[in-house]
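What follows is a set of notes on a single structure, which appears directly below.
Just so it is clear, A, B, C and D label the chains in written order, and each chain counts residues from 1 on its own.
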Amino acid sequence: MFHTEILVRFAVLYPAGIAYYPNLVNFLHEAFEDFFAGHVGRPYPEMFRDGIGTPTVRLEMEFLAPVRYGDRVRVGVTVERVGGTSVTVLYHGSVEGRPVFRARNTMVVVEMKDFRPVPIPGWLRERLIAGSDPEAPPGP
Amino acid sequence: MFHTEILVRFAVLYPAGIAYYPNLVNFLHEAFEDFFAGHVGRPYPEMFRDGIGTPTVRLEMEFLAPVRYGDRVRVGVTVERVGGTSVTVLYHGSVEGRPVFRARNTMVVVEMKDFRPVPIPGWLRERLIAGSDPEAPPGP
Amino acid sequence: MFHTEILVRFAVLYPAGIAYYPNLVNFLHEAFEDFFAGHVGRPYPEMFRDGIGTPTVRLEMEFLAPVRYGDRVRVGVTVERVGGTSVTVLYHGSVEGRPVFRARNTMVVVEMKDFRPVPIPGWLRERLIAGSDPEAPPGP
Amino acid sequence: MFHTEILVRFAVLYPAGIAYYPNLVNFLHEAFEDFFAGHVGRPYPEMFRDGIGTPTVRLEMEFLAPVRYGDRVRVGVTVERVGGTSVTVLYHGSVEGRPVFRARNTMVVVEMKDFRPVPIPGWLRERLIAGSDPEAPPGP
């Protein structure tokens, strides 16, 4: 399973001194960008500049434990399902081995110029399928 | 059903010129704050200063249509379930009558000083129960 | 002088329970959007969709007092100087009469398609000049 | 001069596909956190948990060129002046050698419990003074 690490910065905190949960939702996108750079083999910004985007259509997320300032959140990224124009990804966040969130995110692959779903390009489909892991922990 | 309206500001957009989805997750909290002021009858910031918070433990959200710069998102807030220390709230977002998102958010009521769940205070429980609506549209 | 009011939401706070200062910088843009709707007479999103933007090239800002959760920040917007392709705007933020920030922001009017400065359109120039106020308090 | 590098993530962009300027203001704090970890020798989160904060009281910033998605912004951090309870820091941002912003930020060292300025602790003062660089490029 692909893993990345995200440092909890000041800006994502709320008054309790822990991460505000919409900012943890943003962590999913950061982890997906890192998955592109580290696993897919093509930077997400490059694909995006070529006019392909991946807007989220459905999100399920569980927040299992507080995430604190300075924590390094290790995020596992696994592809659960690859459809014709959509992909469902599981994310598992942990801090020092302790689970802090898990999420299931379904995205549609679109052309940004008109937001129409398009068949997932072959180069991407292949790498998404290779990103599945039957031994990944269950999703939310 | 309680409704509020949130204006789509510049800061919530991403390059496609539509709202970035973690920022729409934040809209849920804004709508919940407005629900406190307009329906519960006590400002959320006041409760929060008294040491009571409502961290989210589970979120399901569907993004049904793009939300654009300058849109006024009408958000309906309905209480689906009131437990001993938790509450599940449904949110329905629409722009000019067109649904743009729907969400189910489960929060735990905690004392902020140690993040321990506490029984929902009577004044709040009563208003949460009054915030349910059997005719609300279905959740995600 | 044009005034607007911005409610301090949960998302802009940091652990001290007060607004994190980059989020107050974003308040300047929100106030400028309101200035367009309320004083210029044309919504900023409409101008933006027509391909005109106003990126900031210089900012000076003083943070005079903490801004707290639930505060309603009254923001005064005054045009200090209108150049050929740029405009300098002063912002004065206060909470219940107590000043909390003041800022001077210079923006360049550009065509978004290539980011080139363009002469300020006549309809906008006229309203910007009308937005000056010789009796405005001093900037930072 | 201490340097760090910040990757431009999706969330900081606005519709033109470049970084929204309040998010670049946040980059200053991220660079200051890295300055603590890499130069001061004590993580900022640790100091913060001990009750010491550094709210900004004055900011000057110039935005010299667009910052794009996927850019790695190299940020130089130099201490310009150390006062009794305050410190002024210069930041120089560049992408592939091309300057993109420069900023001067004055912070006050406070006890977070009551926001009162306190004399800068000796261990911090020494490292701040060591963080000055007479050959740093000029500020804004």
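By definition in this document, a residue touches a chain if its C-beta (ideal position, glycine included) is under 8 Å from a C-beta of that chain, and two chains touch if they have at least 3 such contacts.
Keep in mind that what you see is a predicted model, and the values were worked out from it rather than measured.
Peer 1: Farthest from chain B by Cα centre, which chain is it? Let me know.
Peer 2: Looking at centroid distances, D is the chain farthest away.
Peer 1: Which whole number of Å gives the spacing of the CA centres of chain A and chain D?
Peer 2: Measuring from centre to centre gives 28 Å for this pair.
Peer 1: Could you give the separation in Å between the centres of chain A and chain C, each centre being the mean of its C-alpha atoms?
Peer 2: Here chain A and chain C have centroids separated by 34 Å.
Peer 1: Round to the nearest whole Å and give the separation of the Cα centres of chain C and chain D.
Peer 2: Comparing mean C-alpha positions, chain D is 23 Å from chain C.
Peer 1: Among the residues of chain C, pick out those that touch two or more other chains and give their numbers.
Peer 2: 10-11, 15-17, 22, 26, 29, 48, 69
Peer 1: For the protein chains shown, what form does their contact graph take: line, ring, star, complete or other?
Peer 2: It is complete, because no pair of chains fails to touch.
Peer 1: Which of the residues in chain D end up touching chain C in this complex?
Peer 2: Residues 15-16, 21-23, 25-26, 29, 48, 53, 55-64, 66, 112, 115, 140 of chain D touch chain C in their complex.
Peer 1: Give every residue of chain C touching chain B within the complex, in rising order.
Peer 2: 9-11, 17, 26, 29-30, 33, 43-46, 48-49, 68-70
Peer 1: Enumerate the contact residues on chain B facing chain D in the complex.
Peer 2: Those residues of chain B that touch chain D are 10-11, 13-17, 20, 22, 69.
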